[in-house]
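A, B and C are the chain letters, set down in written order, and residue numbers restart from 1 in every chain.
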Amino acid sequence: MNEVGNISINVQGGGSSAGARAALSGVAEVGMLSRDLHGDEKTLIPTIIAYDAIALIVHPSNPCDNLDIVEIKSIFAEEITSWSEVGGKARKIHVVAREEGSGTRSAFDEIIMGITEVTPGAIVQDSNGAVREIVAGDPSAIGYLSLGLVDKRVKAIAVQSVLPSIDTVANNTYKLVRPMILATREGPGREVMDFISFCLGEWAQAILAREGLVPVTSVAPGGPPEPGHRDPEPAHGNPGLEHGSLKPGHDGLEPGPDN
Amino acid sequence: MRRGETLVQWSLAIVALSAIAVLALIIIFIFKEGSPIIARLGMVQFITGTKWSPTRGMFGILPMIVGSVWVTLGALLIGVPIGLATAIFLAEMAPSGTSQILKSAIQLLAGIPSVVFGFIGLVILVPLIRQWLGGPGFSVLAAGIVLGIMILPTIVSVCYDVLKAVPQAYREGMLALGATRWQTIKMVVLPAARPGIIAAVILGMGRAVGETMAVIMVAGNATRIPVSPLEPVRTLTSNIALEMGYAVGEHREALFATGIVLFIIIALLNTLARLVARVEKV
Amino acid sequence: MTDRRVTLLFASITGLTVIILVVIIGYVMVNGLPGLTLPFLLESPREMGRTGGVFPAIVGTVLLTGIALIIAAPVGILTAVYLTEYTRDTWLPKIVRFGTESLAGIPSIIFGLFGFLFFVIYLDLGWSVLSGALTLSAMILPTIVRTSEEAIRAVPDAYREVSLALGSTRWQTVTSVVLPSAKPGIMTGVMLAIGRAIGETAAVIFTAGSSLRLPRTLLDSTRTLPVHFYILAREGISLENAYSTAAVLILLILAINIAAYTIMDRLAKKES
């Protein structure tokens, strides 16, 4: 529970699909998603409050600092297996992925993998932090996580020659981006409208920026970045930085670490 | 007076039934949640399928079953010889003062939470394996060693008690015949203690199969059947804990179904232990 | 092999066992004790535990374990009384014993799944202190039953006979003679159960959740020490705080186990 003016807000956990379902069925006033609306969810009204970039990370000692989307896809599909094939040392690549069901995983799969599968040989971790720890310790590893959680023990690499940053997300040049959405039913009440305008307001946007997200207000006019939706499968994302919010009982309004 | 006693007896009986009630609730709730997907796919399909890709609707848990078997075998391979040798030393060879102290120390260590074992594995073992043996370090080997160490205290205490229960007369008879102490242990004590030692092994096996957090930390959790001990692996338990956070719909059902398979495996192990115990009594 | 060589070999293996276990504890202590200060114990965590202390996790651990015990101890001890004092060889005690033994073998992750389905969702208690405590109480019940049963069986029959001969009912005999004599043994079992409950992670994370706030009611989510440690260590939030949390946890469990075994030892000495 968090007091904003006189409105008290109760945050429930669950993935993006759970958020959309709750908003559709009226269980909740607002559903939070970290992906676009699919299928019958499109009857909801989406409000994008921020964007999140997914950064590809490697060990700082790894000379590789740029990959194009096809290379990333081949690495995660285990078609490219040595760093020497993409400008690194002759070392076997250790692929680190997120678990199925996580929002980061489904966004990554949608934007990069399309219908290709991530190799079952990939190491799987259930948090951004755990992925970062592995990559920080293994010179042969590659993984991905929310931009806000990148720290100096790992190196974020450029995708299609563009490094992830607030600016490159804002000017639509960085490709691995997902929207953070508040979804409501038709004719929201005054409190809901207040809440949404609060989220879009200066103060809330500053908080989102501090959490490592890209405030929607800073994105260039001409529409949001268009991630390639090649995968028709519905994705189960999750609202907000999943770090702080949705593991069982994590309190939705507490900030994630590293932000 | 008499009526009061009957009342007490029945009240106690009702309280005593709570254990079986809990067991029944566990079975009902987990089966209710997980069985629909098993019914849809078929149990055979579910446990022999090699592909686990829930968001694409593929639910095969053979890699996790094989993973649990490999990791548990690894744990036994490490925990049983070391644990049994330690128990033999403490029960049969060491002076009783030393043996008492060491045994209590080992017993105390049985209380270390499994997450601590997993963490030590993560910060010490995984980098060592990566550096010296190759691969990502997160592996069958790492999980096997961590679990092997984790079950050590259990194996030592149970084997120690079993060895101590072998009647002294057996040993004296052998020694009187001129056998050395090692011959006595090998030919009389160990055979006499065999059913108890097997029970200890099964107990350790149950603990290793059921451990979750320590394994998630060091096993790497890949969904492919490992062909070498240096490859990452996912067990049944880690499959559940790893993906429970965001799973919805069929995916969630499949995780509870994984729980059902785990439950059945544990039930089989328990039955086996009970059978061994019965053989021991005969 | 000669006796000497065998003894040497087995002594070295024993040494190895002890060294492994001492190294694990030592490693945690060396890294964790420097950060283990009074403020660490008494302050709330800040930035998800990167800085600050572990006070809410200590409160969460104590609450969960305490409530689990309040539920499981009476049920477990009375079950043991029933099994030892009130039954002949009928089907009922056989079922009870089967239930307890089966429960003892169930992995904690299954208890976690069950607690999540039953307490968190079905009874709608949410991720809460209560859900976690109820789940833990089911998990430690078999330990309490088994150790209490052993302790009660160890009470000499003569005690009971004297009491019954003096005209006491069976229940009076149980409360005034049997349970007091079995108390140290029962206490040992209870302490071992506490040790197990304190160190549990898998069953707790799915039922009590992992909120870092100080729980205000029994229906608030909370985070226990092992869960806090697991999250800090695994997600690399703060290794220093992870080590210190582990040190608190290990010291707590060692203290409880030492107390348990001391009671047991004193008991064994009294008997012999």
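Quick notes on this one:
We adopt the following convention: contacts are C-beta pairs under 8 Å (C-beta built on N, C-alpha and C of every residue); 3 or more make two chains touch, one makes a residue touch a chain.
Nothing here was measured: the structure is a model prediction, and the numbers come from that model.
Viewed as a network of touching protein chains, the structure reduces to a complete graph with every chain in contact with every other.
When C-beta pairs in contact are tallied for each pair of chains, B-C comes out on top.
One simple way to say how far apart two chains are is to compare their mean CA positions; for chain B and chain C this gives 18 Å. Taking the mean of the C-alpha atoms as each chain's centre, chain A and chain C sit 39 Å apart.
Once the centre of each chain is set as its mean CA position, chain A and chain B turn out to be 38 Å apart. With touch defined as above, residues shared between interfaces to two or more other chains in chain A number as follows: 247-248. Residue numbers of chain C whose C-beta contacts span two or more other chains: 116, 205-206, 234.
Residue positions 241, 244 of chain B each touch two or more of the other chains. Within the complex formed with chain B, the residues of chain A that make contact are 14-15, 17-18, 94, 99-103, 106, 109, 117, 119-126, 134, 137-138, 140-141, 233, 235-236, 238, 242, 246-248. Within the complex, the chain B residues that touch chain A are 51-56, 63, 126-127, 130, 135-138, 216, 220-224, 231-232, 234, 241-249, 251.
By the touch rule above, chain C contacts chain B in their complex via residues 1-3, 6-7, 9-11, 13-14, 16-18, 20-22, 24-25, 27-28, 75, 78-79, 81-83, 86, 92-93, 95-96, 98-103, 105-114, 116-118, 122, 138, 141-142, 145, 169-171, 195-196, 198-202, 205-206, 226, 229-230, 233-234, 242, 246, 249-250, 253-254, 256-258, 261. Residues 47-50, 116, 127, 205-206, 208-213, 221, 223, 234-237 of chain C are the ones that touch chain A when the two sit in their complex.
Interface residues of chain B, counted against chain C in their complex, comprise 1, 4-5, 8-9, 12-13, 15-23, 25-26, 29-30, 33, 82-83, 85-86, 88-90, 93-94, 102, 104-109, 111-117, 119-120, 122, 124, 149, 152-153, 156, 180-182, 206, 209-213, 217, 237, 240-241, 244, 256, 259, 262-263, 266-267, 269-270, 273-274.
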